[in-house]
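Look for chain A in each of the two complexes below; its partner is chain B in the first and chain C in the second.
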Partner chain A sequence: MKIGDRLQGLLVSRKYLSIILVCIGCALISLFIGTDRYSQRILLLIILWAAASSSFNIISGYGGQVVFGYSMYVGTGAYTSVLLFKLLGVSPWLGMWVGVIIAIIIAFIIGLPTLRLHGAYFAVATIAFPLITVPILNNLGFEEIIIPFTGHGALSMQFTDLRYYVLICVLFLAGVLLIIQTMECSRFGYALKAINQNETAAEGMGIDTYWTKMTAFLISAGLGAIAGTLYSFGLLYVLTTFSGFGLSIIVKILSITIVGGIATLWGPLIAAIFLVPIGEFLNAQFGNRYPGVQDIIFGAALIFAIIYMREGIWVKIRGCFRTAPQRPTPSIKPGAMKDMEKQGALEIEPIKPRDVESNIHDPILKIEGISKSFGGVLALENVSFDVPKGKIVGIIGPNGAGKTTLFNVINGYLKPAKGKIFFEGKDVTYFKPHDLCRLGVGRTFQVAQTFGKMTVLENVLTGAFSQAINFAEAHRIAGGVVQQMGLAGRAYDQAVGLTIWETKSLEFSRALATKPKLLLVDEPMAGLNPEEANQIAEMIKSIAKSGITVIVIEHVVQNLVKIADWMIGLDDGRKVTEGTPQQVISNPHMIEAYLGAKWRERHVKS
Partner chain B sequence: MLKVKEITSQYSGMTALQGASINLEDGEFVSIIGPNGAGKSTLLKAISGTVKCTSGEIYFKDINITQMDAHKRTRLGIIHIPEGRRVFPSLTVTQNLELGAYRSEARPFLRENLELVLNLFPVLRERHNQFAGTLSGGEQQMLAIGRGLMAIPCLLMLDEPSLGLSPLLADSIFEAIKEIREKLKCSILLVEQRAAEALELCDRAYILESGRISISSDRETLMGNPMVQKAYLGTA
Partner chain C sequence: MEVLVQLIVAGILAGVSYGVLAAGLALIFGVMKIINFAHAEFAVLAMYLPTYFFLHWWGLDPFLSAFIALPMFFLLGYGIQRLVIERIIGTPEAETSTLIITMGISLLIANIILVIWSGAPRMINQPYTLATWSVGSVLINKAQTYSLFISLGLIFGLFWFLNRTMIGKAIQAAADDPEGSAYMGINLHFVYGLAFGLGVAITAAGGCLMATYRPFNPFYGETIIIILFASVVLGGMTSITGALLGALIIGLLQQVSALILPLALQNVAVFVVFVLFLYLRPQGILGKEGRMV
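The block that comes next holds the complex of A and B.
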């Protein structure tokens, strides 16, 4: 399981090397094409659009937050450097960086409120800003700016030989790709990918989702501004609000990103190599008669890609060269539980909580008078209890009693209306999930929330990052947990193809990799057959034995009774009873409202 | 009435069914049990048409429906209630139920059927004006089943109706299924993890393992089988 760090390093440096080689290749092609302006222009366009799309890919592809209004940042870069050059004579080399700073500030201001929105709302909110900016600039008289021609010179970024522009853009492309490559194997990159797939789960893994998205957004915006400057000085004579902020920019960038492959390093470059020349050819042939004809090819390619190859060209090309990885036999054959015991997959080595200090008799968690309502319906009403350290506490109650709401309040997904929560003596009532995760509160979900398109190991890594000081340590922790939980044979498979049992193991693994002191487990046995449910019970027992306090919500009460040290019965948002398992399941209220006489007949021998 | 002949099916790249065959007579109640990942849900999806078969044939009332679209199968009376209570959260309980009678054969009987469903699940009557999203898990499950019944099924397929329900609610769901059978006289195909309850209710059962039917037998024989007792009933 343990991946040789050297091998890992070698792989990473090979990827860096290929970026540098490809970029040198582009520069050499440009050098050999010579002074043919038409060919150089196409090459320049390819590189520039590839770089701009790759920049867009950071927030929108990797982070999954589609910035439809991306032209805002390209346009800001273009306008800032051109206006500074024209009005104040500032060199574009300096103006470019001013543009970057302004674009980042704008992105920050736009991001502050909008990044709290999810999915389509964010995408739609961003599109408003270029739409607002265009009429403002038009009114200020900046609808068209002729880029002044001050003689040729490196200082004013004006060259007759287009090869200089190609070289500058190649350097820019190399920079963007190196940033993406570095990001891909950093904890920031993993956090971003995790957010893309499941924001709730990411938050629970200790990832500060809001600021991670913000950082990615700012990087994308800044790089977009550089692209804007290079675009206007390299290719335009007249900068218009349409060419800077217009719709056709985002259409091109979106097509290139999606056709090439969302969240891939090479996708945008490859798509640009295909699409840009075709678009330019159409423009040269029919552009006079049918203006805007080149956008048709981008639109058509976009539709084609969305219908026939949603993963993009790059994934298709890569697939042709890679032989399909041999599907390892599932680590746990469904129903073959006995083999599993032989392999010792469930002999969990103690996964040590971070530190077991302070007085053992102090409760690890204190809940004091928690109330929470949804639109007038009280989901929790004045619930108080203590959770002793190192024990297993079971919570039972009818559907709709408020059990999951209680979990969501404890680990910060919901804020209580009243009451306080203390974790290790610290008031954590208004803490966010990711802060609580760092303090040591882990969580698994009722409906498993795995990152489907990441591998099992990557899923666990995301959890491990919350505590690990560096990549190597995170790898070590994740590898260890995957091994212990019997998922080693599936480590490199995507989480989406796992069986229910494996998915549950993965949820536990990911939560354990955050090294929790307290683990909240929501209905781990739902959908499992009796034997599998017993295995889960054993797993919870060994987790508790290693010193981690566990709170379990479960409807399979007969299994919960066997492992719980203490139980709490909820009904209608109120705590009905608490005590030893036997006391709670003998409580008349719980029998009437929850267990039913039939259940007692079946499971309680008396 | 239903004949499934050696169907195979792929599900997200993995072979989920490998030549599974089952039969169902008119008015029969058949349970399918088996470990996770055995293909139970896929089998129901293949019958209802939401998953395509790569080979094999499915006959319903002697009509070959292997290539038929899912909505056309629903019109024939094959009603599938998938796992996980998929109700329309922003519609009221009554609206959800009325949508169940979308099938043209069921529309004329909408009023009578609504009455029948509300009698079967009195809690839905209490909440008839509430949005479905505000119901508790158990109530949503009842609503999902009720909505299926509104279509007047010839074949009712239930996928893990007790999933995530409290012991008491699970029992009342099983009671309701029993009652449905007596009142509607339709054939029922039940997939359930709570094997003990599933076996108690049915006439016959299949055990599905790794995409194939491994055991097919009547209720008593199956409940007496020591392997079944150990693996699925959690006894012995």
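The block that comes next holds the complex of A and C.
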């Protein structure tokens, strides 16, 4: 577990170095090819498409929000700089940045409503923009713009020697790759990957999903605009709406990204090296007779890639060279948890809630008259209760009593119709889950919500980021929690392959890594055998002992009775009773709710 | 005033013709949660074959072609679903991957048409293509009127099929809860193929009808698809009724906007409404509770 910060730093700097070396390599190839325009042109195309596809990869690959209308931003960059140059004589070096700003504004306008909605809306909205821009530009008389050759050379980004363009594009590619590399091992990158895997869980781990997606989208759009400027000045004599905003641009970028490998650093460059020369060759051979042949190839490549090689070439190549990571002997056993209290605090600092300033006698959470209905069905009706600090509060109730709805309301996934929620005296009724997480409300889910394709450690790291000041601290927290929860043996395995028990442990680890003051635990014992259920109960007890207040929802009452300090009984969305576990389970209404009126009549003297 | 009446009539005629296409798109999205980006290209393909070339080769009337297109494109759609799209459905990224695949298909169809039949715009020349009736001072195109009635028939047929037959009900059940309906013995592969085939077939028939009064070229799909997207978003994505209503509104809007906008920019008005809906009422006109049919 102890990846030293220095080792980590070394690994990262090695990756930076390889990016710089590859880019220097590209520049040298270009230098040695000499003035052969055809070869230089193909090299230029490869680098440019690799850079554009990598930019596209940020939001679409890493963030998982595929921008189908990416040509909008490439086209905007191209048209802005070319029009500024032609009409006002503005240097493309300046026009490029104007293009970037306009592209970012357009992306913001598109993203603002659609990134909140179901993914289909985002897809449709992003496609619609370039489709409508083409007729508008055509109507304005900008269907074809001849880029004038002024002979100012460097100032107007016009060179007769294509090697200068290659050099500029290599610098751009290096910039894009360095941005991606920095992103990959930053808090932002982890947040983006987490969103891609499981948006609900990401939100619960203190990640502001909406603005993270938006930021990635704006970065991608801005870089796309730069690619557009370089494309039009480096390769085109005539800029057309088709070459700027056309569908074939996006299909090219999509196929390069997918064939190379979605969300990989090197994938797009490698795929571009394969695909671009093929496309150019076909275009040169058959382009005159069959004008659509290049698009047919790219369209077919796209369909083929999606069906047969979803992970792309790069992952395959990498797989050949990479040996499986060494794995410490799996130490994970349900029994391992028992020792947590005894030895948990040995080497690693114990999981503790953040310092609590407010008065110890105040309830940590105060629920006042919460009501919530779904299309006429009342799920919660006027529920009020206080949660004392440092205690374990159990909420019981039969299926459909409104337990999970209550959690979702407390946690900010749902907005209550009426009522107020106070956390440490602060009104948090309309807070989002990620805000609550930062305030100190952690959550585990009834149906485990892990980031399946990330490793166990990365999962926990995502939670740790919500409180940690920097990467190293997050690593330390995550490492500690993983160790403490007995997951160390699985730290480098993907979360998707864990057993039910391990998945539950992971959920707890991730929630604890956010250093909660209050932990909401939703049916932790569902699907576990009695032995494992006992272990969970022990785990909850030790969590509470470390000073974290815990609210547990549980369907199986017996397990809860043993650990809860206080219990609340829900039925039909109403709070039926509240008291010590013994009081609650002997309440006639609760007995009736669980076992029916007949059973109560027979067995309970009321 | 007469101009306005003329535009409203044109708007209704256009709206219903878009409605047929949008209904297919909404059916596919409603059942499989797939955005079929190639949707308009199927309509364009139908304009060439059977419509244009059956008339050209054998003198077959385009209105008959519309009915020939139904089984032809049903088989095509069913085949594409079973051979290509089905491989991806059910994976976590299915929504995105299917959109990417259909994007590839759309590019393939458009460019194959381009390679085989050239990019020259084509037009169908039948006695009714440019003929009109005049009601007062309002002129009504004959081809469009015939198309209107056939379109209404197709829509009625689709509703009848979905609501009154066992297979139609199975499709609706699969749309509502795929897992549950699979447990009830519904073969999802078959039902999805059916829904995709049906969606493509009705769209192709709509394309045939459209070809009787509009010139077209291989890339005509790019012009229509945005109208279809707008109609479907207005209708709340999954509702066929909503999509029809959306298409009608879009058709009216597009024609009436001719009062202030130049002809080439008709679709800009459509687009503005589309964006406004995304901001203000993303759940569509009928709201979240809108059912599929």
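Criterion: the second predicted complex is superposed on the first by the 565 of 606 C-alpha atoms of A that agree within 3 Å, B and C clash if a C-alpha of one lies under 4 Å from a C-alpha of the other, contacts with A are read in each partner's own complex, and residues count from 1 in each chain.
Just so it is clear, a contact is a pair of C-beta atoms (placed from the backbone, for glycine too) under 8 Å apart; a residue touches a chain by one contact, two chains touch by 3 or more.
All values derive from a computational prediction rather than experimental measurement.
When the two structures are aligned on the shared chain, A:G119 is found in touch with chain C, with no touch to chain B.
By the touch criterion stated above, A:Y594 is placed in contact with chain B alone, chain C being left untouched. Of the two partner chains placed around the shared chain by superposition, chain C is the only one that A:V66 touches, whereas chain B remains out of contact. In the superposed model, A:I303 makes contact with chain C only, not with chain B. Contacts of A:E531 after superposition on the shared chain: chain B is touched, whereas chain C is not.
In the superposed pair of complexes, A:A128 makes contact with chain C only, with no contact to chain B.
Touched residues of chain A, counted separately for chain B and chain C, are more numerous for C.
Once chain A of one complex is fitted onto chain A of the other, the partner contacts of A:V557 are limited to chain B, with no touch recorded for chain C. The part of chain A that touches chain B in the complex is made up of residues 330, 334-335, 377, 396-400, 446-447, 496-497, 499-501, 523, 526-532, 534, 555, 557, 593-596, 598-599. Considering their complex, residues 29, 33, 35, 37, 84, 87-88, 93, 95-97, 99-101, 103-108, 110-112, 114-115, 119, 218, 222-223, 225-226, 229-230, 232-233, 237, 262, 264-265, 267-268, 271, 274-275, 278-279, 282, 289 of chain C touch chain A.
Residues 64, 66, 68, 112-114, 117, 119-121, 123-125, 127-128, 131-132, 134-136, 138-139, 247-248, 250-251, 254, 258, 290-293, 295-296, 298-300, 302-303, 306-307, 310, 375 of chain A touch chain C in their complex. Across the complex, chain B meets chain A through its residues 12-14, 33-38, 84, 134-139, 160, 163-171, 193, 195, 209-210, 230-234.
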